[in-house]
Every structure is written in structure tokens, then in C-alpha cells.
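Letters A, B, C and D mark the chains in the order given here, with residues in each chain numbered from 1 onward.
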Amino acid sequence: MINDLIVRASTFSGDIDRLFLLITVIVGVWFVAAEAMFFWLIFRFRAKDGVPAQYVTGKEPHLKQWINIPHTLILICDIIIIIAAVRVWVRIKQTLPPADRTIRVVAQQWAWTFADPGPDNRIDTPDDVRTTDELHVEVGKTYHFLLESKDVVHSFFVPVFRLKQDADPGRTYTGWFKPTKTGTYDILCAEICGIGHGVMGAKLVVDSPQAYRQWQQAHAAEAPAAVNGETPTDGASAAVSTLVPRGQ
Amino acid sequence: MAEHTHERAHVAGTANDAHHDHHEVGWFKKYFWSTDHKVIAFQYMFTGMFLALIGAFMAYVFRMQLAFPGQPVPGFGVVSPGQYNMLITNHGSIMIFWVAMPVLLAGFGNYLIPLMVGADDMVFPRLNRLSYQIFFLSAIVLLTSLFVQNGGFGGAWTAYPPLSANKLYNLTPYGASMWLIAVALEFVAFLLGGINFIVTSMNSRAPGMKAFDVPIVVWTIVIASILFMASVGPLIAGAIMLLFDQTLGTSFFNPNRGGDPVLWQHLFWFFGHPEVYVVLLPAMGIVAEVMTVFARKKLFAYKTVIYTIIATGVLSFFVWAHHQFVAGIDPRMANVFTVTTVLISIPIAEMCFVYIATLYGGSIRFSVPMLWALAFMAEFLIGGVTGIYLGASGLDIYFHDTYFVVAHFHYTFFPIAVIGVMAGVTFWFPKMFGRYMNEFWGKVHFWGTVIPFNGIFIPLFILGAAGEHRRIFDYKNFPQFNHPWQNDLRIFATVSLLVMLLFQIPFLVNFVWSMFRGPKAPKNPWKSNTLEWTADSPPPHGNWAEMPECHRGPYEYSVPGREQDFWPQNEKA
Amino acid sequence: MKTIATTRSAMGIATGKLAVWWVLVSEIVIFGGVLVSYIMHRLGHPEWAEQAAHTHMWLGAFNTFVLLTSSLSAVLAHQAAEQGNGRKAANLLYLTCLGALTFLGVKSFEWTNEIKEGFTIQAGGFWSYYYTAAGLHAFHVFAGALVMLWVASSAKKNENLHRVENVGIYWHFVDIVWIFLFPLLYIAK
Amino acid sequence: MSAHAAHAQGHHRNYVKIWAMLVVLLVISVLGPMTGIRVIMLITAFGVALVKAYLVAKNFMHLDLEKPIIHFALGLALVFMVLLYAGVAPDVQKSAGQNWKKDAGFHHLPPQPEHEMLHPEELETKTPAEREAAREQHRDATAH
């Protein structure tokens, strides 16, 4: 149902949509049943003069079962929902498939900074391609992202990937996604981060392999020069502490 | 058991000149410095209603900004991003801490507990007055925080550090600290108030009133006070730490100097989730009272409701991190919390089923309080049901901090703080003011509120499912959310809000007019059983000349073999 | 002006004492919040131990002794109040307040030295928790002393003797909090 | 038996004797850590603290004579604190988890000077017009 509203562009976005469907079916059945019973009782037992209300203590077995049976059925439905949800959670958040490419995502007050590993496909090397507010990824490749924040809590949210992970300052988060559909989409900050929270969007471009290689070549050429001569020290802090060069 | 049989109210005079022996108190002493639990209840209720108008105005402003971005909002002007954040932060804070809590917990608690347990007042009247004064001070501090330099605090009602801790990040140095002090004062006020509620309902029950003869609304308000008291502690500690981070430069939540921002999230939500049950339970209690009276029927299973209330209360301490699934907690912990979160739906579902089952075999009269109570049950089911989506950790990855969450918690908070409260106000109005409210205008207000309410938040469910994230002042920066159909949904929601706000005017007029000029109401207008209906309307200081005793449970309606279909608690067998 | 509500005791517990127990429930969770956060950080940050080495363990020990003694005088005051001897109860309460003042005096002496040595509240994670936890406790000691003076003033005239027990219970709780604070702040090095 | 009679029975406790035991325990809890052995330090410092707390609660606060509802309420508060610890420690106490680790800006990153902050108008936005809009928004946000 969600994919009518927003396109699926990653491997696990289908899982989340199916989980949504499963919960909608289970919860929808219970909701309709409860509301129907509710309105039927209201209509059936509306005040009719001369017809007094009944004295029901709630201990009568034939009435108590109207509570106990739904009670146990809901418990079963809850267990089904829990199992389905945990399976999706484990697949997305707790397993890291081997990565074809690792990118670094740094959130700061009101801008996203991305570091693509560049032609040598190793992160934190001089040939990294750093861009602001624009992330190019290659369709069909498994990506790991190292997510950090430089100041306040932000949240790396890519609706088309159905992916969200908060970036708490002082921590590095590792997650993965695998794009399946080319196109230009949005990256959002889903945790309030001050006045510029509303302008803190970034562009996600899922390229075909050729387009991606072209983009990488074009940017890799100017990347070393762009880092204004300062030799980036290796290690995680390199990408974080150097202020963002004007990569386009 | 208490050995006194016939207590004389300390008011020497007979019922009608109950004020006789009191020296004639001045206007100020009677309304602003009174220790009478009914006057303090009105103080809480009117402060809550006044702040509800402010909260509603804020909602009006930022919904207009969302529907027509950039255009000046009539009555406010152009909304800048900083103002937008301030408006949503303080809309959330005001509606939860300064409207739902005072009206539901303190307003109804103060008014109903002494009357329903058959006491003349709270056990500590002066402490009760002090708790309102601290609450009033907290409201003043919050409202002034909106007008200080750089504006009010804009870091959301959850105030996550380092945004809330570092003035260079939130750009509202004074607003942030004043907001925090206001919230801390409000906690102190409700701790003091809570002690009064718990001890009064535990110790001051009328002779003969056993634990299971106490009406459900008293049970719910007492258990809500206990939940609040047990859950607010760590957040008071957190608030002290955050205030020191803001002002003294300590490093509790500053990651660069050894602190940890996730600690605040945990301390906040350890309080946050029990807090939503603190406001839910009194509303469920009010709905129980109203439903049983207008269905003329005994509550389906009194003990089951008590056990589900206690089960919900205790379980609510095990679920807090479902607010933080993607906020950086360890993914293995998320599995624990998704299990407890989805399982907490069982006691609540059980309670709803028992309420629905109470209607079976009833003789339902659709007067205004019953309409509100039934609407509460119908609307709250939507809120409860959509909670399962967010409790399922896998799905929360997508839905966290989107409008789906906003729509979900409005479908729980709105029935609690507006529909439930309206059920209570319209039901106890004759007792509070001795006059009837107008039935026709009551129904106009009812339909005019409930239908547009759905018009506001059903579109938000759809926008949320499309991935629209919350707290964004202008969606034209995000092409994905700038489609015409999304803008139309936002406009539809805003127009529904305007219609709903317009329909509040008939209520305010009806409320104020009926208070002075409504038709007189007898002691027991709805023919119900609980003790407050045995006192005069409005009850004098000290409530009864001769304190009532309790001989049976509160829900003995339509007992076979009796000509009347109700049996007041104080009537001898 | 006592309401009828206060005279009733449906639970069989005196209203004042029941209220004090509920106050202690809320205090347990407040101090619990600070201590749980502190314990987590101490276990997560072994390097705080060298910051903690600068606390004066002997002053902490003496303060513990002072609070234990004031707990003794508080319970003796309660015993005297049970026997109806309001004057003796009031004197013992004044003795307890003297213990509170000694505690606060030692603490202020201790803090001024530490701040002079440069260990202010901003000096590091440990010091932030040290001043917040001990400060919150000292505030409760001070508030307890004030309430005790108020209770003693009416106990002197043999009135409201039940209050002596209630303030005693609160005082023993403040003592128990310090019994846990002492090893956490001063000994865990 | 009403609470009052229970108190009479509670009188015979010799409070001074209990006080003396508490002082002895205090001395133990101070000398224990002197030995420097970590295990002894833990037992004496915290074990003794628990025993002292038990003594004060039982004898001075007469908790043993109190109604069970009080024990239940106090116990519940303590259980909630243990629950708070169990729920929060995996994130705050540990320095790494399944998909996260504390590093950037936590340990080895030099403490960021408080005043190093990217002002909104310096924010690198796409076109000069948008840069101007961001600058104007900031001025407007801090002006009102």
C-alpha cells in the first residue's frame, strides 16, 4: 500500500511495505470488528421506553467468553506481529551484508556531507569524492554507510529506501542499503536540529553503473585539488574535522 | 477500620447555612486563596482551558503556515523557521503539561476524589493550594519564555541535547532554560498534588467504602498519580543535569567532554511513556462513569478493569525505548522493547472490550455526555490500533518522526484531552455549577468537533505513510513532498482545523452562559449512584452537613426487583 | 483547621506517615535517576577514577558519622514523642538539626577546598556528577533541618507529636541516601 | 492489632546499640578499601552500605512494623530503578554496540571549541538566491 504513495528503491523497502500490509490486515480486522460491535450495541440497546436495562455482573460465563476469546486471539495476533516485525528489524539493523562500497555520511547543523570512496574504493583515502547535499550511488551495489553528526542529533532518512538512522554526536553508526531503482530522490533530516532543520534536505541520485563511473571520474579528478592542499590525515577524524570543500 | 460512625461535618450550621460559622471571606480569599478542593479544581480547570486556547492558537498558526507556506498568517504574520519550531515545541508542551495534566489529573482529581470517596476535603488542603500556586507559577514562566530575547525554546517538547543544552545550537539561550524551569516546576506541582490524591483516596474513604466500592475514575486518577510520581523522578534528575549543562557548562550530555546525549533520551522517555498513560487513565475513568450512567448498566467487569489499569500502569514502565528504535539505541535492545510495546496493547484492548461490553443489555440515552463518551471509545480505538504500527520495530524504521506518528498520538491525545474532558465537563457541570448546560448547543459543539477532528488527522496518516517527516516548516524544499495531492491534503487538514476551532465558540458561550443563567439542576440530575450526587449542587464548603456512608459498589444500576433503576451508594440496604 | 478527611484512616496507617512514605517513593526515583546515571558513567569511564581520587575520603567518612548520629537522635526524639514527652523530643530534634548543620558545614569546607584546587563542576564528568548528586543531597539535608525546626517548635508545646515520627522517617531516608552516596563518591577510586 | 500497639512493642529496641553497630560498619567500610584489593573494597564499601541501609530502615524507620502496602510501594520504586539501569546501560555504559560505536567527537577528537559553529548564512546552498534566502531567514529568526 505504501508503494502507491512512494516508490520502492531499495531491497528492504519491500519488506517494510509487506510488514505494513500484514499489520494493516490484522489490525484492520480487529478494528472493524470492534467498531462494528460497538455501533451495533449502541443501535441495538438504545433506550426504548418500557424496556429496562439488564443487570449483568460480568461473571456470566456466556458473556465473559466474549472478552476472553478476543483476549487470547489478540495475544496470538500480537505474537505474529512481533515475529514479523523482529524479522524485518534484524534484516535491516542487525545484519550487515558484505559491502561493495562504503560511504561516509556526516550530518551537521543544516547540511549533509557525503564522502564517496572514489576510484580506489577505499574510504578515507586522498581520492575520496566529498560532496555536500548530493549523494551519488550506483544501482545494484550494496553500500555501507558510516553515519556521524558534528553537533546535534540529526537523522539520516531516505524515504524511498525506507531507511532511517539517527546520527547522535559522539557516535558512528553503521548501516547498509542496496539501491534497486535509478532516479533522483530526497534525503531528509528526521530529527529536529534547530532553525535550519527545514532546509536540511539533500539530493540522492541513484545512477546506472556507467553514469556513476562518469560522475566519479569527473569528480575524482578535481577532488585532491579541492582539498586546498591540506594533506588529510587518515582515520575517521579526517573526513569529519575538515570543513566541507565546495564539491558540486 | 475507622471506628467513628456519624461524623459531623466541622461546619456547625445545617446544610443550607453551611457558610454560617465561617467569617464572611473576602472575594480574593474565596477564589484565589481558598483551600477548598472544589475551588482549587476550578483554578486548575480554568488555567488549563485558558492555556488550551493558547495551544490551539499555536496549532492554528503553524497549520496555516503548513497549508500556505510563506504567506503571512492572519493574527501572527509571516512564520520564520525559528518561530515555527517555537510554535510546535510549545504547542506540544502546553497541550500535554499545561492542558491535559491539569484538567484531567488535577481538575477532575481535585473535584471528584473528595466528593466520590465521601470526604469533606483533601487530607492536606494547604498543600493542595500550594501545588496549584506552583503550577500557576510554572504556567507564567512558560508563557514569559515565549517573549524573551531570541524567542521561546524551539527544540521540540522532547528537548534532546545537545540542541537543548547548547545555546549556540538552539539559538534560544533564555527560552530553553525558562522552558526547562517551567517544566520542572510543573513536575513539582504534580508531585505535591499527587500525594494529596493518593493519600486522600487511600485513607479518607467514607466508612464502609471498601477498595472495590471506589468508583473507577478515582482508581484511575490515583493510579495515574502513582505512575506519574514513579516515572517523573529520573526526568527531574535529568532536568537538573540539563539545566546545569545549559547554565553551568557541565558535561552530562556533551559528547565532546564525556557526556552522552542518548542518556537524556532514555531518562526522558522512561518518563514519557508512563506519562501518556497518566493522561489516558483518568479519561478512561471519566468515560467509565459516563457510560454506566447513561446505559443504566453495571460496569461489565469492575475487577477486570482494575486489574487491566494496574497491568497497563506497570507495563508502561517496560516500553519506553520504542520512541528510540532508530534513535541510536543498541538494535538488540529494540527487540526487547518491541515485544513489550506490542504486548501492552492487550490490557488496553481488554479495557476497551469491557467498556464496549458494558453497553450490552443497556438502555442507552444519547444525551451530550454519553455522545462524548461513545465518541471517545470510537476515536481512541483508531489511536490504539495505529500504535501497533509504531510499536513494531521493523515498521518504525520508516514511520519514526513522520506524520504517521503525529496522527497516531493525536488520535490518542485528542480523545483524551478534549473528547474525554468534554464528557466529564458536560456530565459534572450540573454538580459543579448547579445548572444545566444547553443540550442543543452541546450537540452542535459535539458534532462540530468530532467530525472535523477526523478531517485533520486522517490526511496526516496518508502524508505520514508517504514518508513526510515532521517539524518541517516548509515542504517546498523537498520535491518528494511538494506534489499537488500532498499540498491539497495539508490544506484540507488546515481547513478542518479552522472549522473545528470555530465550533469551539458555541461551547465557550454555552459554558459561560449556563454557569450563571442555565436552568437550575437538582442534586442528582442524571440519577446516578456515586456519592457526589448526594451532595448539593454546587456542594457547599465541606460538601455534606452529615458525612455519607457507603453500603455498596458504585455501579448498581437496573438491579432486578427495585422500582428505580439506580441505587445510590449511601442508601442503607 | 483539620478536615475530617485527615482524621480518617481507612488504610490503618496515619495520614501524615502515609504521605511521608509516598514522598519517599518519589525521592527514591529522583535520587535513583542521578545515581543510576552516575553508576553507568563510572562503569563506562574507568578514567574517571583518577578524577575521583581527589575527593577527601576522611571528610566523607566523618560526615557519614555525623549523619548516623543525627539519625540516632532523630529516632530517640521519636521514642520521646511516643512517650508523650514533647520537651525532650524537641531538644533531640534540635540536636538532629545541629548534626545537619555540622554536615553542611563540613561539606561547604570540603567543597571550597576542592574548588580552590580547581575541581569545579565543569572540571570533568566525575565532578559534574559529584556536585550534582552531593548538592541535591545537601539541599535535602537543609530542607529536612528546616522542617525539623518547625516540627520541634510545636512539639515543644506537646502538640502534633505524630509529626516527630514523620520527619524522623524522612531524615532516616536522607541518611540512607548518604550511606550509598559515600562509597559511590568517596571510596570508588 | 492497630499500629499504635505495634509501636509499644517496637520500644524495646536499644537504639544506641544499633547506632554503635552502624559506626562499626562505617569503620569497616572505610578500612576495607585501604587494603587496596578491589574485591575487598567492593564488599566492604557497598556490601556494608547495604547492611547499614537495612539496619536504619528496619530499626530506625520501623519498616518491619509497617503495612505491606508501604513495602510494596518502596520496593516497586527500587525495581523501577533497576529496570532503568537495565534499559539504559547497554547504550550509555558501553562504548560500542551492534551497529554503533562511540568515537567521533567522543574520546580522541579534540574538544570542539564552543564557539566553532557554522552560521546559517555561511551554509553552502545551491544558488545565490537561496543563499540570500537562508541569510534572511537567519536574520529574521534571531531578530524577532
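Definition applied: a residue touches a chain if its C-beta (ideal position, glycine included) is under 8 Å from a C-beta of that chain, and two chains touch if they have at least 3 such contacts.
Just so you know, these numbers come straight off a predicted model, no measurement behind them.
A.B. asks: For subunit B and subunit D, let me know how many angstrom lie between their CA-based centres, rounded off.
C.D. replies: 30
A.B. asks: What whole-number Å value describes the gap between the mean CA coordinates of subunit A and subunit B?
C.D. replies: 32
A.B. asks: How many Å are there between the centre of subunit A and the centre of subunit C, using C-alpha atoms for each centre?
C.D. replies: 48
A.B. asks: Where the centres are mean C-alpha positions, what is the separation of subunit B from subunit C, in Å?
C.D. replies: Distance between chain centres, rounded to whole Å: 34 Å.
A.B. asks: For subunit C, write out the residues touching at least two other chains, lowest number first.
C.D. replies: 11-13, 18, 22, 25, 28-29, 32-33, 36-37, 40-41
A.B. asks: Quick one: which residues in subunit D touch 2 or more of the other chains?
C.D. replies: In subunit D, 73, 76-77, 80, 84, 88, 92, 94, 98-100, 102, 105-106, 109, 112, 117, 137, 141 touch at least two other chains.
A.B. asks: Any chance you could list the residues of subunit A touching two or more other chains?
C.D. replies: Within subunit A, residues 93-94, 109, 151, 169-171, 173, 195-196, 199 contact more than one other chain.
A.B. asks: Quick check of your reading of the touch definition: is the inter-chain graph here a line, ring, star, complete or other?
C.D. replies: other
A.B. asks: Please list, in label order, each pair of chains that touches.
C.D. replies: The complete list of chain pairs in contact reads A-B, A-D, B-C, B-D, C-D.
A.B. asks: Okay, in this complex, where on subunit B does subunit D touch?
C.D. replies: 78, 80-83, 150-151, 166, 168-169, 171, 226, 230-231, 233-234, 255-257, 260, 262-263, 266-267, 270, 317-318, 320-321, 328-333, 337
A.B. asks: Give the list of subunit C residues in touch with subunit B in this complex.
C.D. replies: 1-13, 15, 18-19, 22-23, 25-34, 36-37, 40-41, 45, 48, 121-122, 124-125, 128-129, 132, 136
A.B. asks: Name, in rising order, each residue of subunit B that touches subunit A in their complex.
C.D. replies: Of all residues in subunit B, those touching subunit A are 81-82, 84-85, 154-156, 160, 162-163, 166, 169-171, 255-256, 260-262, 295-302, 304, 325-328, 331-332, 334-335, 338-339, 342-343, 345-346, 349-350, 352-354, 356-357, 359-366, 374, 377-378, 381-382, 385-386, 388-389, 392-395, 397-398, 400-402, 462, 465-467, 469-474, 477-481, 557-560, 565.
A.B. asks: Touching residues of subunit B toward subunit C in the complex: what are they?
C.D. replies: Subunit B reaches subunit C through residues 1-2, 4, 7, 9-10, 35, 114, 119-125, 191, 194-195, 198-200, 202-205, 209, 229-238, 240-241, 244, 248-252, 257-260, 263, 267, 547.
A.B. asks: Flag every residue of subunit A that touches subunit D in the complex, lowest number first.
C.D. replies: Those residues of subunit A that touch subunit D are 93-94, 96, 108-111, 132-133, 148, 150-151, 169-175, 195-196, 199, 236-237, 240-241, 244, 246.
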